[in-house]
Amino acid sequence: MSPDKMKQCMDECLRCMQACNHCYTSCLEEENLKMMKECIRLDRECADLCEFAAHAISINSSYISQICEACAEMCEKCGNECKKHDHDHCQQCAEACFRCAEACRAMVA
Amino acid sequence: MSPDKMKQCMDECLRCMQACNHCYTSCLEEENLKMMKECIRLDRECADLCEFAAHAISINSSYISQICEACAEMCEKCGNECKKHDHDHCQQCAEACFRCAEACRAMVA
Amino acid sequence: MSPDKMKQCMDECLRCMQACNHCYTSCLEEENLKMMKECIRLDRECADLCEFAAHAISINSSYISQICEACAEMCEKCGNECKKHDHDHCQQCAEACFRCAEACRAMVA
Amino acid sequence: MSPDKMKQCMDECLRCMQACNHCYTSCLEEENLKMMKECIRLDRECADLCEFAAHAISINSSYISQICEACAEMCEKCGNECKKHDHDHCQQCAEACFRCAEACRAMVA
């Protein structure tokens, strides 16, 4: 794994963590909570895994590949849910998720 | 995955996190730091992953299996390093690591 | 801080983390999501802080007191919200929160 | 707390987390481990708290102020240790620590 790709992946993970947590707190303020339920649930799961993936990279751990493979998969799942909703926070979150998934896959390739 | 096995795995992950962090702080106080270098490094990596595995189980996330597979592998690596050293904290940590690895493998089986 | 009180506090923090995350995932499955909104939000905040407090104790960090004071306050806030709701997961969470707040206060006293 | 100051603080916390963890892994590779012992210990404590402070801000939690006050203090302690050592990773870490401490204090002011 090249240091550049690791740094880029860590940056995308941290951006995605922020986008997911922003989407999470914003969804909890939406009128139609029932409709946002899956988004809330997946936002937290995704944010927490992105945060841990960035952590794993930052300590240069031996489990980076396994965590980033799981992270890519989770980001795609969360991005696919978020892009269904018109709210700005959901659309922005979907975009961050897909970018992060791509960076994770590029790093472990 | 049965709720019993998940609860047991979470408990072992949290015990292993504590044992690894106790071993980590104790190793940093040992006279021969050079000899404990790998132990220090692996203790932190293992503690952090065990903590996250317990977190993943506690929110019933969709990535439990992937995290716990990585955790089992990490615990074995850390346990194998710790068992080389005679210090009580190392021997106790090795034991916690092997128990945790077993619980992780039992859960994802 | 005595080692016994630290160990007891760490155990209560980890129990509270589990109770809060169980309440969080259960609340997201309740019919009346609107009514559970505050509970969901506080459960996650509280679970995350309890997890970090346990982490801080496990590495014997110099910020244990500050984190555990914040944790005691957060646990009381979360417990007060949870005890308003009749669901078993809310009642159990409230109990875990009040026990954890007490253990945090006992440790930093 | 203004959203701008919160975003700036979160960014500095994440930069400091990365600098501390880079310093931590680099210190473990230095010849004179004994001399780096305090640096290693404080780097991890500081990295973990910075990561949690960024997390607390990202979920807009009610304990941001308490965590960021503890974080400012920890960053100053870690920065003061790091700046004693001539290694690039130590000097860069000290700089990141002092910037983060300043951002934390500006936010809670």
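Here the chain labels run A, B, C and D in written order, and each chain numbers its own residues starting at 1.
Keep in mind that, in the parts below, contacts are C-beta pairs under 8 Å (C-beta built on N, C-alpha and C of every residue); 3 or more make two chains touch, one makes a residue touch a chain.
These figures come from a predicted structure and were not determined experimentally.
J.: Could the interface between the copies chain B and chain D be described as same, meaning over half of its residue numbers are common to both, or is it different?
T.: Mostly the same residues form this interface, as more than half of the numbers used are common to both chains.
J.: Look at the interfaces B-C and C-D and say which one is made up of more C-beta pairs in contact.
T.: Greater number of contacting C-beta pairs: C-D.
J.: Measuring from the mean C-alpha position of chain C to the mean C-alpha position of chain D, what distance in angstrom results?
T.: Distance between chain centres, rounded to whole Å: 25 Å.
J.: What positions in chain A touch 2 or more of the other chains?
T.: In chain A, residues 25, 44, 55, 59 touch at least two other chains, as defined above.
J.: Viewed as a graph of touching chains, is the assembly arranged as a line, ring, star, complete set, or other?
T.: Shape of the chain contacts: complete, all pairs touching.
J.: Which part of chain D faces chain C closely enough to touch in the complex?
T.: Against chain C, chain D makes touches at 44-45, 48-49, 52, 55-56, 59, 61-63, 66-67, 69-70, 73-74, 77.
J.: What part of chain A is in contact with chain C in the complex they form?
T.: 25, 28, 33-34, 37, 40-41, 44
J.: Mind pulling up the chain D residues that touch chain A in the complex?
T.: 10, 14, 17-18, 21-22, 24-25, 47, 51, 54-55, 58-60
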